[in-house]
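Next up, some structures in structure tokens.
There are two complexes below, and they share chain A, which is joined by chain B in the first and by chain C in the second.
Here is the complex of A and B:
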């Protein structure tokens, strides 16, 4: 999973077929084709997120019921080639380690149920990765840095709790302190930003709510206030945006929707309209989803469109955990 | 007869060295970079268009330069003193601003040279480079989380130099120029989350220095400086009324103004403007609803402004969209007012 975007485009309003179909086979083929475009310039320009792209593609394939569409051993080889001695993963071989890629690495290994293979090839590998993540926690504030250079962001906090819980290593970190930190990030609108006092953003709402879910502390969320803010994200065309007056974007079908699902408020938005919007973002010829109808497709928007559809219980999709 | 591959790779090298040459000439400047549309090809075989501090690059030339830069960067990046890798990393980041490894190389290199006499100059050059990329009309680059954090990291190292005051205004005018950079980047990329996040983080740092015991010339001017910033942000928001990030930054700044009447005047002016133009701008009303529902912000001065809003509502009878949005805001305030 190397190339991330193009070359197809979303269907757009004027080309809709009579029934709202999900072109699952096309999407599977689209994802499979991504690694074969090494000669395209886009391949090199997206090297900085190669491992993320692999995770997005793999997850989409699993949800579409085609978990065997990519070579398992090739994937594991690639993932392990991104692993540094310090237990962190880089975006691609030779790239610096960082929380974001480490989370994708762990998620891929978990999806493939490949931790045994990891241990075989790198004895103590799981613990090493756990330690890399745990060492990034700020013992004073409870939040997490992305790497040794110190940028702190609730995205990294969520990533840490997600990866550690997948590996059964949550006890390596101070979860209570992390929860305290999230509490300090609550804004007046009930939402969350990257750090205390930061603007509420749907992406950060997802990370904070999901982190609280992992920690078993959803009781700390201002359910109604936040639910209301999230439901305000739905626009007339059925799509969801990330903040007031931003354009609709299919990836918010995940960030916003999963937050609502975790808060058991999925019914606070119009699911049918959203489903219809998501389906309009697909390229019915070449597969893949774009951020909105008519734009260029990419694997990032593809996975989040499919996860959104899964949350909305679109038929023939595997169930996704909103956290 | 050159193979297609060789031709391609020569073109990449040419593109790289042309761009690199321009940046090397201007390392002490902030340059304004534009991507040229395909119709605007520079003539007589030139790859880029430039005049003084203005640079225009065709998109395919940048990609060519990137492909060569990328190779050069990875070949040399274990050599921390390498200027070749430094130059290459600059072009990598210009094309691919989320390239963490390139950004981190630059950090490592600066730290490696932190004991040298040239350190302050190197920091200033890094700051120029970031300013050039972040405040140019480059849609993707001006919002890059990687580059904005890199800027924070650089500013952190620069602040001690700015605090060695040769004049009373030196430190605060640096902070002001950082805010101006955020305005510019916010203009190029609306709702620029990471630019405004940079501003928040910077002001938090400045606040921390202010709270420390050390005496500084600028401390007496700081409260007035905050007011000036708040007024500038308010003006910016009224020119970019759909920009939620700007409004939320104003909301962040207001509690830092010591004078509650001053806060009330600013919120009041926003409300008066909204009433005058019968604004339907969601972001503006989101600002107002939080400013008025959070009783800690305006405290005793809150009620007059709230009454103004309610009066405005009562006078609206036509059921226009602007009425609906103000009614929604009022309802939200009534539901969520806190603390009581």
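Here is the complex of A and C:
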């Protein structure tokens, strides 16, 4: 997922019926408040998600049209304080480097258009980060490990291709081999799992379809089969689930919807019903979105709710790139 | 940070000053432990004492991935670099005590946090470490124990995809060891018992798609292990179709069942890659007989369940398979296909865009 710049679209908020209202100002304030909760134990227990959390919050703010709600220079300072000498990012200062956070770090720098600043502060920084990612590719299978300890997952493969393409460094890795690996994860339903033989899962469908899109190989996807499977994720209440016979959850608004958008099959589900489901998951008083109506909000579900709404062309939101 | 299924009211209660002070105290204690562990590891104090501190911290926060890395750093220093000589009686027990300790720690944590990637990951690492210090027999025993563990976790949550992935990995490891020991009977026995396991899971809950999925992946392997011929392969296909048709009859509204039905139908098609086929030498006549029989059976269910959209979808997709083999069929009419599509539009308005596109694709 990355942001494309451009004007927000048309229709005024005033035309919206009450139950279709997005409490945008509340969500902005909720995201701004996230870093002020240092007197809550939860803040410290989730330090391993700080950099992703920042990316999620920042993306939501951009889409809500409040890109200036967090200080740009503070963000850059923080991001670079997570960068290790080996070119990988940790979740927070003092945390080990890992693919997941390296991708978030690169995504944040791309969102802020800050690669020049990176080079100014750390000469050769971009190449260094690119090398860290490229070294995690398994030359035998084409997939990627998360870090030096070797866990492999299609999440890391997507992250690697995404970050490298944002930095213009895709030529550092063997893209064809990575594509081959994705093909070995495909199932009869057209979907993909975490590794060869694993069950199709919306999250992995997103990572594999997006990776193929970056590699320019969407021709390999079985559009109708996978589109059908994805469209069956929508339940009667409008929400989307992640696998057959599971419960709906706002985060799948992103995994499923972006995959449908990449396959150009957004019209295979009921967008209006999904919009209304997502909006029911917001906290109208304190801001933020939860997995389901009435549950506790968090920044993870907030960003995927907002990106989902953006793909559904909800008024006054900036456009998001489904890949 | 990513919370699931926690009610909002339980979190937004205003804390009393006393509660706030309590929480600040907890934070201070937690941060002290974090600092202590990070400092000791930075100083390379890779000792049993530090391992204990790491355990304490991981029990409080198993998502803190850096601490799992620290744990491995400490263990690598504590464990012998080469397999212990079996004749050496000086301290044969010690290394395996560390392995056992970490197996216990990760099991206890997985019970509480069955979806935490880092715990699964560390368990895998410690087993590989254990294997490197064992002979083939002991290594097999180590990995076999994992099947029981993962069975317990799947008993608690039969759809946990971490657990299913781990199960497949354990089977792969065991097969690797059996191949090393040239024990082909054991390899086959393992695939057979995994297949039986999916039968058991499906019987317990028909809508367990994870089990259906695993079954679909096991069948081609099972047939290879059995060195099945055309006759036994046909028997397998018949049995599976029988099983799924009974399941459809039990709950025609369950999509897991229909996805498995669809997977079986796709193995019958000549488009199916040979290694995924159940019967590898099906004639077109046999294909048509299968398609016709399925459609007939599904139409029978229709008599009781006229409002089940899956029936119409399956009829249409089976019909598409049919016309791929024989275009000018009299087994069903375009008018019938048209009526199934109309039913889909009526029963499933959420996916209207998809049904419209299907209609255009099928020229209806």
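Quick notes on this structure:
We take it that the second predicted complex is superposed on the first by the 304 of 323 C-alpha atoms of A that agree within 3 Å, B and C clash if a C-alpha of one lies under 4 Å from a C-alpha of the other, contacts with A are read in each partner's own complex, and residues count from 1 in each chain.
By our rule, a contact is a pair of C-beta atoms (placed from the backbone, for glycine too) under 8 Å apart; a residue touches a chain by one contact, two chains touch by 3 or more.
All values derive from a computational prediction rather than experimental measurement.
Taken together in the superposed arrangement on chain A, chain B and chain C clash. Touched residues of chain A, counted separately for chain B and chain C, are more numerous for C. Contact with both chain B and chain C is seen for A:94 once the two complexes are overlaid on the shared chain. In the overlay built on the shared chain, the residue A:40 is in contact with chain C alone; chain B does not reach it. Contacts of A:231 after superposition: chain C is touched, whereas chain B is not reached. When the two complexes are overlaid on their common chain A, residue A:294 makes contact with chain C while staying clear of chain B.
When both complexes are overlaid on chain A, the residue A:188 reaches chain B and chain C alike. Once both structures are placed on chain A, chain A residues 41, 44-45, 47-49, 90-91, 94-96, 98, 147, 149-151, 153, 188-189, 193-195, 197-201, 243-246 are touched by chain B and, in the other complex, by chain C.
Considering their complex, residues 41, 44-45, 47-49, 90-91, 94-96, 98, 147, 149-151, 153, 188-189, 193-195, 197-201, 225, 243-246 of chain A touch chain B. Put simply, chain C touches chain A in their complex at residues 1-8, 10-12, 20, 23-24, 26-27, 30-31, 34, 38, 60-61, 63-66, 69, 72, 117, 121, 124-125, 159, 161, 164-165, 168, 207-210, 213-214, 216-217, 254-256, 259, 262-263, 266-267, 276, 349-354, 357, 361. Taken in their complex, chain B has these residues touching chain A: 63, 66-67, 70, 74, 95-96, 98-101, 104, 107, 145, 149, 152-153, 191, 193, 196-197, 200-201, 204, 242-245, 248-249, 252, 281-283, 286, 290, 293-294, 336. The touching residues of chain A, when paired with chain C in their complex, are 39-42, 44-49, 53, 90-91, 94-96, 98, 147, 149-151, 153, 187-189, 193-195, 197-201, 224, 227-229, 231-232, 234, 236, 238, 243-246, 249, 251, 265, 267-270, 273, 283, 286, 290-292, 294-301.
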